[in-house]
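Below: a set of structures, written as C-alpha cells.
Here subunit A shows up in two complexes: once beside subunit B, once beside subunit C.
Up next, the complex of A and B:
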C-alpha cells in the first residue's frame, strides 16, 4: 500500500518535466527528422515539399564534407587529449599537501567559470595579427607574427587552443574529486610491496579514477564534438572562406545564414547519429575492459 | 636524512613551477580583458604587454554603464536566466526524485533518453524550435528564449538531481512514512533539505545557461531592445575601433558575479556527476 502511494506521487512529480521535454525536445526532434526529408529552404519557404533522401545524398556530395568531417574528429581528439592530460596532471599536482593549494585551485578553475562567449571573443582578440598578445609574446622569442585568423589551419589551431584552455578545468575538478576518494591505505600497502610511483599510478590511481573519469570523458567528448561557440566566435563564422568549420558550425551556417532548412535538418540528424555511434562504441569498449 | 629533505624540497619546487605555468596559461586571458578594459581611448591598439596599462582609466566602465544599452541587456539577461533557473530547479528536483526512488516501466528508457538529448547538435532542436515558435509567435520574445533554455538545461539538471538523491539513504524517508507522514511531506521535509547542494548546483547551472548563451539568442532575438548580455557584448566586440574597451569593461562586469558564485560553489560542482555516474 505504501509502495503504491509513493508511486502515484512519483507520477505527479514526473509529469511537468515529461510535458516540457515532450513539447520542446521530443516534438522538435521528430519535427527535425521530418524536415530533413523536405526541400524547405528560402526558395520554398511557404511551399516545402517532400524530397525523400535527397538532402542526405547532397550532404555526402558536399565538396567540403570530407574535410569538415575529418576536422571534427581531429578537433575532438586533440581537445580531449589535452583536456585529460592537463586536467589530470593538474589534479595530481594539486592532490599533494602544498602551501597555497586553494589559491591554485581557484585560479585554475577560472577558464571554466567564465562565460564561454567572452573567453572565445577575448581569445580571438589575442590572436590579432598586430596587436594580439599571442603574436606579441612570440615576438619576444624572436618568432615572426603569425596571421592566425587568416589561414584555415592556423585559424583552426587558434580555436583549438582556445577550447583546450576552456575545457581542462572540468576534467581537473572531476579528477581531483576522484583522487580524494582513493583510500590512502592502498598506496601505503603498495609502497610496502615495493611499487614505485609509476607503478602506483597505473595500478592504483588510474583504475580507481576510472568510474569518475569515464562519464566525464563521455560528456567532454559530446560537448567538444558539438561545441558551436568556440569555432563560431574565434574564427568569426568559419573564416577564412568557410574553411575552418566543424560539423556543427557548418550546419548552423547552412540553417541560419543560408536558410537551407531541409538540408541543415538532414545534416543535424547525421551529426547526431555519428556522435551516438561514437559514444556507444566507447562505452562498450570501456565495459569490456572492465571485466 | 639531509639528502631526503633536499630531494623533497626539490620536488616541491618542481610542482610549484609546473602549477605556475598552468596558472599563467589559465589566468593570462582574464588579465587581458581587465587590461583592455582599463585602457584609455588612444591606447586601444598597443604592443605593450604590461599588466596594468599606462594612464589606466575607468572611462570604458562609465561609457558602458551610461552611454550603452547595457542596463537593458542586464535586465533582459536577468529575466531570462532567473526564469530558466526557476524552471530548471523546480522541475528537476521533482523529476529527479521520481527517477531516483521509483521503479516504473519506462524508467530505464527515459533515463537513457535524457542522456541521449545531450548528444543533439544545437541545430537539431534550434531549427525546429525556431520554426515552431515562428508559427506560434514566440520568436523575438523573451519567453521563447526561456523555453529554449529550459529545454537545454533540464536534462542535465534532472540527471544531477537524480544522482544526488541516489546518495541519500531511503531509510530516512521510510522512517518519516512509518511515523505517519505522507510521501509528499517526507519528500519536502526530509529529502529536499538534505539535497541543498544539488539544488544550488542545478540552479547555478541553469542560470549560467541563460546568462552566457549566445547561439540560440542570436537566432531567436533579432530586436535590439530584447538583446541579452551575450548579444550586446558580441555586437561591441565585432564593431571596429573604440568599442573594444567597452566590450572588455562589459565582460568584466558580467564575469564578476558568475565567477564568484562559481568559485564559492565549486566544491559541489561535480558531486552530481561523479556520484550519479553512469549507473542506471
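Up next, the complex of A and C:
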C-alpha cells in the first residue's frame, strides 16, 4: 500500500518533466516526420504540399548516399573504439597511486573541458600542409608532409584524430567513477586466489564497470554518429569535394545551404531509425551477455 | 502523504514548469525594441555602436526603444535569419552582403523597401548597389564594393605591374627561400584557394562568367579552363603556398611573409593598423585576352524583416535611414576605406583624393555585380570542390570546368524540385 503511494507520488513528480519532454522533444520530432512527407523547400516555403514518400525515394537515389552511410559507420566505429580504449586505459592509470595524479587528471580532462568549436578550429590549423604542427612534427622524424585537408581519406583521418582527442575524456571520467566504486576486497580476494592483473581486469574490473560503461557507450555512439561540429569545422563543410561528409553534415548542408527542408527532414528520420536500431541491437546484446 | 498533499505537490511542480515554458516559449514582446543582426568585422561593429549612440542623441523621441545588435558570420546570419523568420520572429533589420537577398525574397522573409522609403530617398544610392528583384528594392547599402583587389606589401614590392605575365615574372623574383629548407620564407602572392570567390576575377579576365541571364550556369567554358590554368601555374611554380585558406593567407601577409595578397575592403584597415605599408591596384590584365580580371562586386545592405513588430516599425525605419545617411557613409568611407553607396558622398573631394579609395574604385570599375539570385549558392558549391581538386592536381582545368557545370546543373535542379 505504502509502496503504491510512493510510486504514485513519483509519477506525479515526473509528470511535469514528461510534459516538457513532450513539448521540446516529441513535438519537434513529429513535426519533422510530417515535414519529411512534403516538398518544403525555398520555393515552397509558404505553401509546402504533401508529396508522399518522394523524399525517401530521393534519399536512396542520392549518388553519394552509400558512401556517406558507410563513412558514418566507420567514423562512429573508429571513434568509439579509441574513445573506450584510451578512456579506459587512462582511467586505469589514474586509478593507481601515482605522483601528481590530480595534475594528470586535469590535463586529461582538458580536451573535454575546451569548447568543441575552438578545439576543432585549432586542430584544423594544426593540419595545414606547410605550417601545421602535425606535419612539422612528422618532419622531425623525416616523414614527408601529409596533405591532410586535401585528400578524401586524409581529411577524414584528420577529423577522426580530432574527435578521438575530444572524446576519450568522457569515457575516462565515467570509467574512473566506476573504478572507484569497485570494492578493494574483491581484488584482494582475487589476488589471494592467485589471479593475475589480466584475469582481475577481465573478471572483476570489466564486469563491475559494465553498468556505467554501457550507458556511456550508448551515449558516445549517439553523440559520435550525430557529431556535426568536428566534421563540419575540421574539413570545412565536408571538403575536399564533399567527400568527407557523414550523414548529419550532409543533412545540414541540404537543409541550410540548399533549403531542401523536406528532403533533409526525410534524411533525419532515416538517421533516427538507424541510430534507434543500433542502440536496440547493442542493448539486446548487453542484456544477453548479462544473463 | 495524503492525496491532497500529492495533488498540491503536483500542482506546485506543474506551475513551476508551466511558468518556465510560458517564459521560454512565449513570443517575446518586440514592440519596444529594434534588433539588428549583422555580418560585420570588429572595426565595422565598433562604428555601428558609435552610429547607434549618435542616433540615440539625435532622436530622443525613440528613447523608449531598446536597440541591440547581434553579430553572425555570413553563413550563420543567413541560416539563423531564415530559421527565425520561419517562426515569424528574428530581428528588425538584417545586414549583410546583397547576395543573401535572393533567397530571402523567394522565401518572402523581407519587405520591399520601395514601399517603405520615398523614391527620392532611394535615388541617392548607386543603382548597382540596390538589390533589385521582381521589380522591388530589397535592401539599402551603406557601402558598395566587397570586391577583391591586389594588395601589395610595399616592403617587398616597388612597382605593381598591370600585365599578368609581367606580374608572374615579378612573383618569381619575390618568392624567396632564405634558409634553403624548401619552403619559401616569402611567397610572391597569397590568397584563399579554398573559396571560388577568389577564382571569379580571373574567370572574367579570360572572358567568362558564372551564369547567364536566366541563372543557368556557364562554367564549362574555355574561359574557366584558362582561369584555372593560370592559378594552377602560380601554385605549380611555388609562388603561393601549396595549401592556403583565408586565415593562412591573411596571417602570412600580416607577418610580411607574402609580397601580395588578393583580398577585399574588409581587410585593408587591418593591414594598415598592423603596420603593413600597403598599396592597392587592380588585378593585372591577362595579355592573351586583353581583358582585366573582374571581381564580383556587391553592396552590403540593410533589409527589413517581414515580421518586424508594427509598433516598432517607425523606430526601425528611422534607424535604417540613420545608418545609411550621408554622414554615416562618409564616416565609414573615411575609417574603413570603403566606397559609399550614396552617390553624393562618393563625390566628396576628400574621399575622391584618398589614394586607397581611388585605387579601390579603379578595381570596382573593372568588376561585375554579383548575381543576387538564389542559384548562386549552387554555383558556389559546384565550383568549390572542382576548383580545389584542380589546384591540388587531381583534375585538369578542363575536367574541373566540366565537373563544375555538371554539379551546378544537378544542384540547381535539386533546389528547384
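As a convention for this text, the second predicted complex is superposed on the first by the 267 of 291 C-alpha atoms of A that agree within 3 Å, B and C clash if a C-alpha of one lies under 4 Å from a C-alpha of the other, contacts with A are read in each partner's own complex, and residues count from 1 in each chain.
Note that in this section contacts are C-beta pairs under 8 Å (C-beta built on N, C-alpha and C of every residue); 3 or more make two chains touch, one makes a residue touch a chain.
Bear in mind that the values here come from a model prediction, so they are computed numbers and not experimental data.
When both complexes are overlaid on chain A, the residue A:9 reaches subunit B and subunit C alike.
Contact with neither subunit B nor subunit C is seen for A:59 once the two complexes are overlaid on the shared chain. When the two structures are aligned on the shared chain, A:149 is found in touch with subunit C, with no touch to subunit B. Once chain A of one complex is fitted onto chain A of the other, the partner contacts of A:215 are limited to subunit B, with no touch recorded for subunit C. In the superposition on chain A, A:88 contacts neither subunit B nor subunit C. When the two complexes are overlaid on their common chain A, residue A:136 makes contact with subunit B while staying clear of subunit C. Contacts of A:269 after superposition: subunit B is touched, whereas subunit C is not reached. The partner that reaches more residues of subunit A, of the two candidates subunit B and subunit C, is B.
Applying the stated contact rule after C-alpha superposition, one finds that A:20 touches each of subunit B and subunit C. In the superposition on chain A, A:231 makes contact with neither subunit B nor subunit C. Residue overlap on subunit A between the subunit B contacts of one complex and the subunit C contacts of the other covers 5, 9, 13, 16-17, 20, 125, 130-131, 236, 256. Looking at the complex, you find that subunit A touches subunit C at residues 5, 8-9, 12-13, 15-17, 19-20, 23, 39, 41-43, 45-46, 125, 128-131, 147, 149-150, 236, 239-243, 256-260, 263. Of all the residues in subunit A, the ones that touch subunit B in their complex are 2, 5-7, 9-11, 13-14, 16-18, 20-21, 24-25, 27-29, 31-32, 35, 86, 89-90, 93-94, 96, 98, 104-119, 121-126, 130-131, 133, 136-137, 140, 165, 169, 173-174, 177-178, 211-212, 214-216, 218-219, 222, 226, 228-229, 232-233, 236, 247-248, 251-252, 255-256, 261, 264-265, 267-269, 271-272, 275-276, 279, 283.
Those residues of subunit C that touch subunit A in the shared complex are 1, 6-7, 9-10, 13-14, 16-18, 21, 25, 75, 78-79, 82, 86, 103, 106-108, 183, 194, 241-243, 245, 247-248, 374, 377-378, 381, 384-386, 388-389, 392, 411, 414-417.
Taken in their complex, subunit B has these residues touching subunit A: 12, 15-16, 18-19, 22-23, 25-30, 32-33, 36, 45-47, 49, 87, 90-92, 94-95, 97-99, 101-102, 104, 114, 116-129, 131-132, 147-148, 150-151, 154-155, 158, 177, 182-184, 187, 208, 211-212, 214-215, 218-219, 230, 233-234, 237-238, 244, 247-248, 251, 254-255, 258-259, 262-263, 266, 269-271, 273-274, 277-278.
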